[in-house]
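Multiple structures follow.
Look for chain A in each of the two complexes below; its partner is chain B in the first and chain C in the second.
Take a look at the complex of A and B:
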């Protein structure tokens, strides 16, 4: 039996009349608050406040553990212990495992067990933990769907819908689950635009943590450049990539108290991912960068690419090495940049370049899992964006008289 | 609820003034301290945080009429929530900054910790106790 659309609606009406009982509805304060946080006029101040809460708690918590305890432990006890006890029979092995024998802090030593562990445990772990805790709370309270509704109009300008905010926020923790979360978007076009934007413009928690550590004063400017780049590139991509960006219907649940068990479970699952995939990548990243340095490959690449970096991007030649290392770990690349002598604006440009430059190895593998076409397309966009946007940041510096 | 209307209108005006002060001091780029009040001058706490205090003031002012009406009360409540949020972040930051001992040891001494938590305070922290009055009105309505 086939029914026309009108007949189906009639049938739905009949069934609902017979089965649904409508009682008297009394609006509660929670309902009204839910309404307030979804209307642009009152909802946008709440978005601004929620983001403030997010970053303030993130900065205080990560700073408490990193600056308060881990820096002291790693610089005063861990590094000297390794420098004293690791046998220096093979100079290359010492360089790979412990790093620079003259370094007096773990950020500059750049050994696998010194800088590698310091970054993974001392910097990234507290940052990732508090990030996922805050994200889970916002999610479980019921605020994320409201944020998605509020941001829907803006994201439509770049060919995405409100739920694209979920992979974007997840990527601020780690790009890997962010790329995986793009599957909630319906069309291939939406997924491609989202993945490309995540890979280029969204810094991960590790990178944010290390940026907070080494460039706290200029971090805001770096993030501003990334936000502008995210929207401008998204706008351009949404117009040149063929395909559809359909409308969606969103279910906005009422506000509710988060359940401790759910919060704990979600954080555990996300942290487990970090322990099993990110920490080995950090250590592997340091190992490979050190091997490439020892083999002279990075020095060769630095001299080959230096005209582009020095004249087009306006950064010192020495930044090429960290940029190559960024392919393995972007957070480590920022740490390496912090010890290079340059002006504050060159530092901003270099950190923006690290962020928009090639996605880290883990993200690269995730993109590959989504398909070769997506990966190659994203890389093509990335090369164009890095060249154009990097030059643009330099140009802004020249015009402002700071570059 | 007439008293409540007047109270939140006054609180709204003071909150709005605090938000303005935060923004003005941020624009000047200096920290400003007077008696037990310290107005932050950095972009994050003074600029971004000041903007939120300003929004809180606007929420109070737009809701401070006929508080028995649930939509009006919800605006006042939102104003208080924004104050709790900013003040909560300030208190959390103070506590986390006061616990580590710096160069002198792993943990701060009790005097050092209490010194870190002592005045002057940012405006949102001083507005916090006054914003809690909204809880009474919520209970009254519910």
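Take a look at the complex of A and C:
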């Protein structure tokens, strides 16, 4: 037999009266820190400080390994070795595997074993390693739910619960777990809005890493455009998509000391994922782009789409090529953009376009798993957003006199 | 034998799962880390046991997709033993879901997880009396350090379905 809700609580009340006694509670340092980080007056400065700390560690760690070691190694030893030793019997094969025989750095060469491995291992690997280390610590300490409480008011303005910050932050590592995490949102509307925003506006760790490397000065502007786009689009979507964004009560767990074993394990799992699925995709991406270039397809597509790109987005038609690679890996696309001749503002526009245009294949599959309607809806929103927002970024450039 | 790990979000089900099976699923300190189920196996009392880590749910009336998965798992595994993992420091809330599962006729074992935290908060739970009233095995655990995990595995076999009326009869206060 089953009880009604009231009967059940009544029974629990009787059981606990007999078995649970509450002793004296002493406030500890953890509780004090818990309070400080959740009250807006002190909590918001803590958020800003943490973001800043996160960002500077990310930049300096990734920069230390990439500039200090990998760039030198790849450009001075790795690339020349392949350029010299790879048989040039078949020109096309040389082009696909090694790339440009005259290139003097691994971004320009664009061969599978040169640029592909440089981007994957030299740039992205250190970036996502440090990113995941910090993310894991934030997760295990228990900071994310507090962040959710702090940001709740702002996110409600775009029809999302504060908890939406969790999928957003996870997406900054990789969009795939970010999309999976939307399942804890209550309504279909909230999930749809969240997934769409993630897929369009949240750059992944790999992309952050490569941006840090190739456009360090203007990266801030790119991110600003993405953040604005996230909120504006969320604001619009929350008004036109039918459904509710209910309030939910949320548990804020006590802070805990991260366990070394657990942190190590999570980083290991995420790095293994990177080696087994990301690196093959980067190499595959280079292969695909090179084959399409050799076949003349990209040149054809570039000139066909030229009016849209040149007049509407204000970027060179050559940026169409990287958008093809972006379908597989966004990091690769940004690397490809970095060697195209253009002004700094065009570069900003192009990187914003790469970010907001089609989600990478892995994210696409993840969206598909959440349902056809969700996927098609997201894609419809995406097409509108890319067109409108891309044009908007161009317009801002024109008004500011930089485009 | 099949064992389902059920409980509220962020009570440590995945940590218990990792301890049991040696299979590593991602665990974190935020509610909703697990949104899909994972399966692993262990040996308990010489028997092969399949363990399923179920996403957290507050009740058996699902409110989101992760909770739907949890309820579907429970309904699919008619013969499973359920380990109801509760945060010992919020035991009343955990008991709600536990009772719901008991009412559906499942043999249940209650794991009072985060026992260290509850003690630290000055909470005292009479484990024996609780087990007597509920008529099911009750084990205090601290999954992150592994405390109580072996005990938990060893009592699985003694779990039996209980009628909620009998529980009500054994509990004190007005009937």
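A few remarks follow.
As a convention for this text, the second predicted complex is superposed on the first by the 384 of 403 C-alpha atoms of A that agree within 3 Å, B and C clash if a C-alpha of one lies under 4 Å from a C-alpha of the other, contacts with A are read in each partner's own complex, and residues count from 1 in each chain.
What we mean here is this: a contact is a pair of C-beta atoms (placed from the backbone, for glycine too) under 8 Å apart; a residue touches a chain by one contact, two chains touch by 3 or more.
Computed from a predicted structure; not experimentally measured.
When both complexes are overlaid on chain A, the residue A:317 reaches neither chain B nor chain C.
Once chain A of one complex is fitted onto chain A of the other, the partner contacts of A:36 are limited to chain B, with no touch recorded for chain C.
In the superposed model, A:48 makes contact with chain B only, not with chain C. In the superposed model, A:60 lies in contact with chain B only, and not with chain C.
After superposition on the shared chain, chain A has more residues touched by C, the comparison being chain B against chain C. Of the two partner chains placed by superposition, only chain C is touched by A:254; chain B is not. Of the two partner chains placed around the shared chain by superposition, chain C is the only one that A:19 touches, whereas chain B remains out of contact.
Overlap of the chain B and chain C interfaces on chain A: residues 28. Taken in their complex, chain A has these residues touching chain B: 27-29, 32-33, 36, 42, 45-46, 48-49, 52-53, 55-57, 59-61, 63-64, 67-69, 72, 220.
On the chain B side of its complex with chain A, the touching residues are 43-45, 48-49, 51-52, 55, 58-59, 70-71, 73-75, 77-78, 82, 85-86, 88-89, 92-93, 96-97, 99-100, 106, 138, 141-142.
Taken in their complex, chain C has these residues touching chain A: 8-10, 24, 26-33, 35-36, 63-66, 91-92, 95-96, 99-100, 103-104, 117, 120-126, 129-130, 133-134, 144, 163-165, 167-168, 171-174.
Considering their complex, residues 1-3, 8-9, 11-26, 28, 136, 139-142, 144-145, 163, 166, 180-181, 183-186, 191, 250-251, 253-256, 259, 262, 265-266, 269 of chain A touch chain C.
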